[in-house]
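Input: a single structure, listed below in structure tokens.
The chains carry the letters A, B, C and D, assigned in the order they are written, with residues numbered from 1 in each.
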Amino acid sequence: MDILSLFITVPVITILALVFTRGLKQARIVSMIGSLVQFGMAINLVFAYFKERAVNNDIMVFTKDVVWFKEFNIHYTIGVDGISVTLLLLTAIVVLAGVFISWKMKDLPKEFFVSLIVLSIGVYGFFISLDLFTMFVFFEIAVIPMYLLIGIWGSGPKEYSAMKLTLMLMGASAILLVAILGIYFNSNADGGALTFNILEIAKVNIPFEVQKLFFPLTFIGFAVIGALFPFHTWSPDGHASAPTAVSMLHAGVLMKLGGYGVFRVAMYLLPEGAQHWSWFFIILATIGTIYGAFSAIKQTDLKYINAYSSVSHLGMVLFALLMLNKTAWNGAILQSLSHGFMTALFFALIGMIYERTHTRDVTKLGGLLKVIPFISVIYVIAGLASLGLPGFSGFVAEMNIFVGAFQHEDLFYRVATIVSVSAIVVTAVYILRVVGIMLMGPVKNEGFLTLERVTWYEKLGILLLLIPIVGMGVAPLWLSDMILDSLQPFIQGVL
Amino acid sequence: MERIIFYVLAVIMIVFAIASVTSRKMLRSVIYLLFVLCGIAGIYFLIDYNFLAAIQLTVYAGGIIVLIIFSVLLVHHIEMELEIAKISKQILTSIACLLGLGLFLTTIYSYEFKVVENTLTTTTSDIGAALLSYGAGGFILPFEVISVLLLAAMIGAIIIAKGKKLTDKKDEIV
Amino acid sequence: MIPGISIYEILTVTSILFFIGLYGFITRKNLISILISIELILNASVINFVVINKYLYPDMLQGVVFSLFIIAVAAAETALAVSIIIGLYRQISSVEVKEIETMKH
Amino acid sequence: MNFSSIILIPLIPLAVFLLLGIFNKKIKPLASGYIGVAGLLVSTLLSINTAYHYFFVYGKSDGVYQTFVEKTVWMNFTDTLAIDMGVQIDPISVMMLIVVSIVSLMVQIYSRGYMKGDDGYTKFFAFLALFSFSMYGLVLATNLFQIYIFWELVGVSSYLLIGYYYTKPSAVSAAKKAFIVTRFADLGFLIGILIMGYYTGTYDFETLNNPEGSAILNWASTSFMGLSVLTWALILIFIGGAGKSAMFPLHIWLPDAMEGPTPVSALIHAATMVVAGIFLVARLFPMFYFVEEGFALNIVAYVGAFSSLFAAIIAITQTDIKRVLAFSTMSQLGYMMLALGVSGYEGHEGLGYMASMFHLFTHAMFKALLFLCAGSVIHAVHSNYLKDMGGLRKYMPITNITFLIAALAIAGVPPFAGFFSKDEILVAAFEHNKLIYFIGIFVAGLTAFYMFRIYFGIFWGKDTKYEQKPHESPLSMTFPLLFLALLSIIGGFIPFSEFVTADKAGFEAHINYPLAAVAVGVGLIGIALAWVFYKKENDLADKMVNFFGPLYQWTYDKFYFDEIYLFITKKILFNRVSAPIAKFDRKYVDGTMVGIGNKTVLASEKIKGMQSGKVQDYAFAFVAGVVIIALVFIYLWTS
């Protein structure tokens, strides 16, 4: 078994083991062990990657290729570069943290953990696959369990939210499938066989007319899950209804599939299309950035605030990807990672607050800093990280995006950049508003005085997410250089 | 002579068939059907399949019609008027049927049938021999299958029609 | 062979009968009426069997034998249909199609 | 040249912060106070050591102070652009090290007494350490991005410290306001950095500031809307500086920031953080001076002058002593800005620059002293308002004396520190721009007046009856007062022009006696007026209030700037922008998506009728279908 396929097999084994468990205690232990192994593997992969990279100069390393459907030339092709390695690490950490946060899952724990891990299989598979079709299959595997997870374990109008989320993502998948087939059927433009293999398609000069047609489809297909304005509306409802761990995984990891897909497929395979269309999508992404931030100001539900904040932050990811240069792309990847950790942390904290106070309405909360100091302090830290304070990952990512975006000569791009930059002020407004209302001020409710302190497993989950945020923020060099190295071949393809 | 008889029979059949599917009285509808069936038996006589005609009369006119009449009497009041479909639906259906008929007829008339002139008479014994032989042109196997089928249908009909006691009704609905 | 009558005329008549039956099948709203329409359709086709046998292949018996089978099956079918109708009537006191629709839920 | 000791200067407070922050609950309050002070003491000694060695041992070569840089790459942007982390040693950074160290140390010592018994004692010292770390990082920064990073960090420390009493809603909103207003300014700063980085290809101060460097020489190569892009960048960077230094119209956060504990006000909002804006302009001074013949520098001068006047006028009417001091700070910051704005570059031309730095230095001392004294008073009477004070000289002799020294210093009375620095500012202004000079001299008078207004109001004036007899503060609080008072007296005699100049060469500065006499005269008039109005209880002040009527009310309400901002944020931004967007999102964007869903359901509801389960309908469809298909086929066949 090669090092990458283990990322699929270990969760599968975990699921099989879960089937034989009884009750919450066994289920969570098994899931924890499974995710821990996964986490260990992800860390090991980082080191293995560096070792391999030293001797191997291919675009992708650890590649493997198995045919699984010969007629259409569909392969199980896998391989990673620095970008996927970091995203795999992100996934492993968020899943592990998610398991800790769901330590007290009361209803149907076994089924819950199974769905959660199925979801993670989809994500892992997506990040390692190099075959468009396999990628698409994993994409679907990641999206479908979402419906169950929200529909069964959610709160509020969960059926509605689950339905909305699934339908919109399915709609996006439909568009995406068309796009993938479009790319597939033009993958023999230079002669040769039709193929789904990304690396091989990248060598082909797909005609401009085709690129022009399929780039928007690919972009939108992926960007819906990356919460592109105006296709973001599934996200607030979905997050609000989802149980904590699912929100974490969803916002933290699943939404990253969008940016990653755009980067790996839309930008890499259809570079001319990207250049042709970038102006249009930059407008959308810029609107999303500002619009999400402004929407967040007026929300009262914590999860809505965070969901809109995700729209804003991920708008920045797409924005950076569309800038088509290395620095901005580096920023986009960093922002994906940073937002993944941050938003997962946010949702974990919101979940904890909700569990204790039974409300997510900020206007009903107040003075939490006094009663649950640990959670509140971490919330402040997460907030500061989210508004791009130096020393945290958000700053590193945003600066890369802005500096990269500013490298564009064109005035239009400059203006878009400046508009996007101004989102950092609005972000500060809504973050500090929440911090001010919810954590500071007098304790609003007598009942809050007896709130339960943070537990060990919650602490563990929080720290797991906090450490990478601080680590990335304090010492970004190795990560950013690793990503920059991996970006080199891609940017050459585009320019 | 035969021509006239045929046309008379044809007219009878068509008229009563139409009456049968449009009549608003159930029982009348069944009786009109009886006429049609008899007309068909007449056709059989005309083309010299006497045995078949007899079967037609006994099984259809004698058996099936009686069966239907019984069921009508069981489930209907004699006076009850039948509900009729919406006019639009009637018209649409007629158009579709007429078009279909036109299609059939054009197909039939555009095809050259290789008619073999003959005056052969098929006797009952011929049919019997065909039914019971197992060589070429023999139908023993289907015959047996049909008989089993009839038996099964009979048993089924009895079981279904027998029904259950009314007290069990609730469970059935559930 | 009916002297003076071509196969076309007979087939025309049976086609007419067939479509009348079809019309009845679609438009009638009562189970028994539908049964009647089905009988019409069946009979129209039986005639075709017989006539084609007689006109085109007089020295064979397949058409006739099949007619016999059809009649037998029709009888069985009618018997079953009637018993179902009666059974239904016991349950819902009606044999109207629209009432039975509820069964599919 | 020993960089490792210099690098330790910021790292020690960071270590203290992490220690106190992470083991918040485990450390006894008393111990945390000692840890904080001890850590900072080490940093201070290292700073003094650095300063001594730099200025007197190795710093000078060929009569010019050299710049020493030690840095390492922190993050790469492109092949050429990167963020470096490092330390830069040159006259202003060393001077700032001294200022930050001394004031921080004094404030920490003072806080041990002032904050005694507070719940968040440990937290307080942790935040102070964080602030010291950030401020050290800021002054030692080698490039624009590093300064921006620490710039944000001091901003957040300021936020945390203003919101220290987080159960008090006014403190929370003040903290929020401070952060958001400065963040807004930082937006300008950041865009400025982006422009600067793109057009000059570097963020390094050394490269940028080199008068013969390509950045300065090629300023005219690209222009935007009639001005050089670099001018735009400098203006935007100045906006960042103006936000931090509370220049008009971004000053509104500073008075509110007084909600924080008084030692914090002394440290952050008087002596160190607020001068970051001045420091930034000084840092980029060659760029400001050379690019587009100092266009941006003129803006700096006028904004500084106006802010100075504006704040001084408001300060006269305020009744909260901390707010008076806050506006006074703003006014003095404006002074420093205008001094930078009227400065030249070489030799004696650079008097304004040197005066600005000098004033920064002396102001840090006496303004910190004023705040600490005010803190001592507040500590004694438990109120911020002048109406609750009076006649305190009997109870608090040390505070009285030290406050008087500080007030004389700020009023520019010789031989106190403020006299020297202020005098040189006025000389520089006089030589370059008469209008600004007159504003400056007028502000000097106002300063003397409002400062003595509160001095007399607190320590003289009416004899207020106190519920609890006020008492002098403990030694931990009076020691910093005395120490800073000493510095306020002797600070002026430092020959600053030898050390800190625009071209780093040093020159001889002389007191310009006629101008000094005018300035001192105006200051004395101000003091005298205050004496007349406030020394004894009388109704002169009330009469004046009535005389000015609405003008007084306007000034008292700070010209309604808070209200304007509130209107813009609450009414326009929140209600006219944000709320509609949120609603638009739910109603239209989401509505469209949901609408598509609903329409699909509706359509299926309609189509559902076709799949009725009615065999007859199916039969009809079947027949019709067969017929149509057949007809189509026949048609195709025949044609």
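The definition used in the following text is that a residue touches a chain if its C-beta (ideal position, glycine included) is under 8 Å from a C-beta of that chain, and two chains touch if they have at least 3 such contacts.
Because the structure is a prediction, the values reported are computed rather than measured.
Undergrad: Listed by label, which chains are in contact with chain A and with chain B?
TA: Intersection of chain A and chain B contact lists gives D.
Undergrad: Looking at mean CA positions, which chain is nearest the middle of everything shown?
TA: Most central by this criterion: A.
Undergrad: Please flag the chain sitting at the greatest distance from chain A, going by CA centroids.
TA: B
Undergrad: Could you state the distance in Å from the CA-based centre of chain C to that of chain D?
TA: 97
Undergrad: What whole-Å value do you get for the distance between chain A and chain C if each is reduced to the mean of its CA atoms?
TA: Chain centroid spacing, chain A to chain C, equals 65 Å.
Undergrad: Taking each chain's centre as its mean C-alpha position, how far apart are chain B and chain D in Å?
TA: 102
Undergrad: What whole-Å value do you get for the distance between chain A and chain D if each is reduced to the mean of its CA atoms?
TA: Using C-alpha averages as centres, the distance is 37 Å.
Undergrad: Residues of chain D that touch two or more other chains: which are they?
TA: 620, 623
Undergrad: Indicate the residues of chain B shared as contacts by at least two other chains.
TA: 89, 93, 97, 100
Undergrad: Could you pull out the residues of chain C that touch at least 2 other chains?
TA: As it turns out, chain C has residues touching two or more other chains at 22, 26-28.
Undergrad: Line, ring, star, complete or other: which describes how these chains touch one another?
TA: Graph shape here is other: it fits none of the named patterns.
Undergrad: Would you mind writing out the residues of chain D in touch with chain A in their complex?
TA: 73-78, 81, 83, 145, 148-150, 152-153, 156, 159, 163, 166-169, 172-173, 175-176, 179-180, 183-184, 187, 190-191, 194-195, 197-198, 573-574, 577-579, 581-582, 585, 589-590, 592-594, 597
Undergrad: For chain C, which residues count as touching chain B in their complex?
TA: 1-13, 15-24, 26-30, 32-33, 35-37, 39-40, 43, 46-47, 50-51, 54-62, 64-65, 67-69, 71-80, 82-87, 89-91, 95-96
Undergrad: Okay, in this complex, where on chain C does chain D touch?
TA: 22, 25-28, 34, 97, 101, 104
Undergrad: Please output the residues of chain D touching chain C within their complex, sorted ascending.
TA: 612-614, 616-617, 619-620, 623
Undergrad: Which residues of chain B touch chain D once you look at their complex with the stated criterion?
TA: 89, 92-93, 96-97, 99-100, 103
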